[in-house]
Amino acid sequence: MAHVGLTHFLILSAILFSLGIYAIVVRKNAIMVMMGIELVLNSANINFIAFSHFGNYGISGQIVSLVVIILAAAEAAVALAIVLNLFKTYSHINVDEVNKLKE
Amino acid sequence: MSFPILTLITFVPVVGMVAILFLKKGQDNAVRYTALTATAIQLVLAIIMLFAFDFTKAGILDASTFQFVEKARWITIPNVSWIGTIKIDYFVGVDGLSILMVFLSAFVSFIATLSSWNIKKMVKGYFMLFLLLDAAMMGVFVSLDFFLFYVFWEIMLLPMYFLIGIWGGPRKEYAAIKFFIYTLFGSIFILLTMIALYFSATETVNGIQLHTFNLIELTKASAYSATGILSPQNPNNWRMIAYIFLFIGFAIKIPMFPFHTWLPDAHVEAPTPISVILAGVLLKMGTYGILRISYPIFPEITRELAWYIGLFGVINIIYGALVALAQKDFKKLIAYSSISHMGYVLLGMATLSVTGITGAIFQMFNHGTITAMLFLIVGVIYDRAHTRGIYEFGGLANKMPVYTGIVTIAFFAAIGLPGLSGFISESLVFIGGFGSTVTRTLTIVGLLGILLGAAYMLWTLQRIYFGKFNEKWSFMEDLTPREYLMFVPLAIVVIYLGVQPGLAIDFMNTSVKTFVHFLNTAAF
Amino acid sequence: MELYDIIFYLVALMVVVSAAIVVGSKNIVRAAYSLLFTFLGVAGIYILLGADFIGVTQLMVYVGGILILLLFGIMLTNKVYSVDIRRENAYIIPSIVIVGIFAAFLIFVMTETNWVTADPTFPNTTVFELGKTLLVHYSIIFEILAIVLLIALIGAATLARNDNKER
Amino acid sequence: MPGSNLITLSLIILFLPLIGFITVLLFGKRFSKLYNFEIGILSANLLLTLYVAYEKLFVFANQKIAMDATWFSFGNIPGIGQLNIDLGIELTNITVMMLFVVNLISFLVHIYSTEYMKGDSRFSRYYSYLGIFTFSMLGIVLTDNFLMLYIFWELVGLSSYLLIGFWYEKDSAANAGKKAFLVNRVGDMGMWLGILILFTNYHTFKFDTIFAQIGLGNIPFGSEAWLTAAGILLFMGAVGKSAQFPLHVWLPDAMEGPTPVSALIHAATMVAAGVYMLTKIFVILSADALTVIALVGAFTSFLAASIAITQNDIKKVLAYSTVSQLGYMVMAVGVGAYTFAFFHLVTHAFFKALLFLGSGSVIHAMHHEQDMRQMGGLRKKMPITYYTFLTATLAISGIPLFSGFLSKDGLLAGTYAFGLLTGHWTVAIFGFVVAFMTAFYMFRLVIMTFHGEPRNKEKYDHAHETPKAMTIPLITLAVLSIWIWYTPNPFNPEAGWFYNKMEVKTTVVPQDMRFNFMKTEAPEHETAEAEKTTAETHETVESEQVEGTTRVMHSEMYEHAMHEAHLPTMIWSILLAGLGILFAYIIYQWKKISADELAKKWPWLYKFSLNKWYVDEFYDKTFIGGTLEFSRWLSIFDNKVVDGIVNGAATLTRGVSAVSGWFDTYVVDGLVNFTAFFSGVLGFGLKKIQNGKVQSYVLVVVLSLILLFVMFLPFF
């Protein structure tokens, strides 16, 4: 086994990404979907930082990931508010059954 | 050309339709009476035609012996680049083959209008479409120009589609679309043959040779140019293929096994009056088309394929009866019995003998009246009970004695009991069929039909009208005066033609004899 | 094998396992708690990558903020605490297959690509560098982020408020 | 024109009942007494018939009176010539005799029914049905062509259907009516085919023209097989209508109808129509066809008689007895003794109608109890019914001094002579065995019903002699069952006027297709003339000399054999009938031994025999036991196999139709639906992708990414 390098981190982020996607696709519960999104965001962050670390690009990657973290926080806040409203309207938060716009 | 009675009889319903168009929305009764008036005028005109009809004129092959002929140039497009001049005539006339059909469609339309009285949904639209259908049917039976025939044939599809699709039962959309597509499928074959015939044959008008749709000209071997695709001199089998195409087109309408599956669905879903029209008139258009178009234009192919036509006739008889025996839905049973009865028509046509073809045409007429009665009978209990399951009834005879009496007449007419019209036509078909060496074996097999027919009819009679009375239906009333008015004329015709069949046979006798002679001798 | 490697593998294992639990757990609360470990592990990864500030931020924002928010969401939206939430869509099998294939491709690409890398450097602290870069080079982004965050918070508050608009 | 008024009168006789039918059917509900109109019509008919019969038999004795009218015409068809479909009637001696029989019995049944059907909710309907039956039966009798024969043949089928199912609330009655109609249709199919063969060859339906053509050697399609086939197919009609094996199954069931109807239709007239038709077409039956007919008749008579022995329902016994006697007549036609077949038809009509009306009287008195085991001892309560019933029983058993003896003896002599001439003794043996069985079961019936002690005291106490409207018809018929009306010499039917009034017809089939005793040296010349006269007659009356006035049946050889057969037949038949009666008395009257052990021994026969079987010690146990076992076996055979074939055929047909229905729905229809289904699936699948769920969109994005990967894969 080689020395831990860029590839290892990338693989980790790939796994995390896939798991996140899986959660987004499969779960019905809106909060679970959100968790999947967080996983995806995290895996992206890992990528940014890993590249910036191994690519010797200085600090820029970290800044991007910082932005992502902040946006994630904002996203989580808004999304949870939406989920709460959904719950008020439907008394459940199953995303596949929320299809009023379709009809 | 004197009084344009055929134009009148064809377009009176259209006039009625326009009149209805100008009525206000709420005036349902006015709409109904307008439609009734239109069909009544049509019926009166048809009866006048019957009286004015000359028995000695044959028609069929000779334009001069057609009666009530009207002929006018309809569409003329001069000098189309590679086709030449296109000429389509408005050419109508009646002979022994069609006179009974004209009367039948006027008669059945009138009865169907009466039975439409309790259509409550979109009355105006219903009767407008109904009258359009009526006009188109009449047009098919009087056209002597292939193009005109085809136009009427297609026009008829449209109102039928809506009448089933809007006023039908639970699966109306399915039935309507099935009917429409199936028939349209057949029409394509007819269209192909029509165009092929058009380019193969010519007619001399004012000294100029023009391609023609004229059905009478097309029966003449001399009309075909040697190079035409359907020319008798063409060594290829194109004429055979064209014949089969045409036959398939008409067979779907008959409907002939294995093209019959649209019929039960359409019947079951259609409202009662539309079933009456469908079984009473529309099915006849298939066999009429074969007699009017396929037979005289391709007599040599007809002779060659007669056995197969008879074979399909017998299959229809036996198959329809067997399937009918297994039905639990009253209307479906009647629908299959129609298939069985149309088999007799095919068998009769296949004999190419005077008795057989007379029997076939007479059977067309009788089936029209008898099946109209049968569907009205189904309509009566469906109106009251809103179900058609054979097993759900029982013992209605005591509750509705007059109705049961009518049912007995209609059922026994369908079985072919002597004294009622069905017997004569079936017997003539059998006489003709056995007399012809081509169809002798087929006829022997076909005889099974009279046994099977009796079996399913009597069994149905027993299940619905005899046995223990089901208290569930104790609210059911006997016939209303309007229903009397529907049944009594039909019953009178059925009984009268059973006792005095000569009345109907005289109308077609001259024509049929000429026709049969031509079919058996024409050298193409 | 160096200590660095060992730590990486341990942390990576924790991340993957806990993330898998998040994804596959029947119980939403358990999923949320597993997510905590995922976030912790990711923070560890950041630190391993020499991004100590980001790691700490990750801990604070994710673990301290988002996760708590999520837990609030769970508490507020599930009538019964331990309700069985495993009510997936019908296409779980195709999803596993597709995502599996996707992951395989992803890993394949990651491993096969010939990345241009330099020797990594480990600065003592990144906070100073970050602060400087943020306020010098990316100041507009910084401001915009602040506004976005503000708007998001106000919006979230407005949305989540138990309003009686229809009075 | 001689006899033209007879034709007019015959037409009036024919159409009066039709008028009665229509009137009573349409207005019967409004005027409850209208049935009297129908009865009036029948009495008028009877009087007219008496006049016509007298005129025909004694004034125009040897002339045939006929009339034809064109029903409809096809005009002159090339290749065939003038094709007219004619209807017509003819009066021969046999015709008027039959006319009289039908009208008389119909009249008596009308009278009888006023009392029997009293209080029925559809009383008027009943009379209108009787009217249409009489009309159609008279049509069969009077016709001179096959088409009209077939038409009225079907119409009696209809009226029989209506009357059997008269109490249609009962499922058994409705079923029986349907069964009767359908079983008859099977026979009619064959008959119609036979008619088609003849029409195809001769382009006419008229009897005389067809017979004349065949007499000229112009046989159908020039083939002997076709002639034989035509004969057998026409016979199929008789098999159906006269309830011959294998189509006899409907007749016992037909007893579901009212009893007077059974008397009129299912005993005396309609079922005899088959035999009547056979006497009409006898001249074109070839030796092969006749052999078939004889065997079928013999077998039927035997089958039915052996079943009748085990029945307990009084009407069932009579029904099987009717089948059996009809088998006799058919058999007699088959062996060439068709005059005696007709003779027996007439005598049987009277005494069998009497038996049914008598049983109706009993049933009426016992309040619709039909089980003989509930009867007994009615002799004292119902003397008139008893003595008339006994007369009829003696007649059917073939006891001298009664009418049945004359005809039965004659036809048995016919079978005997047939045996002498051809060496085929099977038919004769069947005939004699059945004679014995007939006597046996008829006396069993009489004894169980009228003799002994009453078994059901309660019902017995309520029983009483029936009113005059019912007893007068019984007495009339009983009087007609005495020999004196037919011949002065009770031992020689040929000495009487009745036998001598029947026309003797000579067969017209080619010589080499005849039995040897029917062969004649000189070909008939009269036939050519006959053909000419029947060619084109519109509304005219014609009369002609009936052929063969010498009264020699078939040939001198046959006459000789008949004389030779006369004495042994008489001795044997009296002996056998006496033996049958003796058996019945021994078993049922004197009750020597109980048959309970037998019933226990064969429990599977138990339901047929129940516990009324008695065995006489003095007689051979095996003989009785063998007969019983055989009869039980035949009863099962009848129930399971013969009836089972009919039922099985129905089931099979239903099965086949279910299968073809399935085929229709799933295969034929399925092909059509598949096209629509395919495009539907396509649309459905595409629709699923656009479902508005973000999650599936994500999945699609992932999928697309995978595709992208795949596309770029070659660059790795």
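A, B, C and D label the chains in the order they appear, each numbered from 1.
Quick note on the criterion: a residue touches a chain if its C-beta (ideal position, glycine included) is under 8 Å from a C-beta of that chain, and two chains touch if they have at least 3 such contacts.
This is a predicted model, so every value here is computed, not measured.
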Which chain is the middle one, judged by CA centres? B
A-C or C-D: which has the larger count of contacting C-beta pairs? A-C
Chain centre separation (chain B, chain C; CA means) in Å: 77
Where the centres are mean C-alpha positions, what is the separation of chain A from chain C, in Å? 6
List the centre-to-centre spacing of chain C and chain D in whole Å, with centres computed as mean CA coordinates. 98
Nearest whole angstrom, what separates the Cα centre of chain A from the Cα centre of chain D? 94
Two-or-more-chain contact residues of chain A, please, as numbers and ranges. 21, 25-26, 96
Provide the list of chain B residues touching at least two other chains, using ranges where the numbers run on. none
Touching two or more other chains - residues of chain D: 693, 695-696, 699, 702
Interchain contacts (touch definition) - all pairs: A-C, A-D, B-D, C-D
Taking the complex as given, what residues does chain D use to touch chain B? 71-75, 77-78, 80, 83, 150-152, 154-155, 158, 161, 165, 168-169, 171, 174-175, 178, 181-182, 185-186, 188-189, 192-193, 196-197, 199-200, 650, 653-654, 656-658, 660-661, 664, 668-669, 672
For the complex, give me every residue of chain C touching chain D. 89, 91, 94-95, 98-99, 101-102, 105, 108-109, 112
Chain D - residues contacting chain C, complex: 693, 695-696, 699, 702-703, 705-706, 709, 716
In the complex of these two chains, what residues of chain B are touching chain D? 178, 182, 258, 261-262, 319, 322-327, 354-355, 358, 395, 397-398, 412, 417-419, 423, 430-431, 434-435, 443-444, 447-448, 450-452, 454-455, 458-459, 461-462, 465-469, 500-502, 505-506, 509-510, 513, 517
Mind listing the chain D positions that touch chain A in their complex? 692-696, 698-699, 702
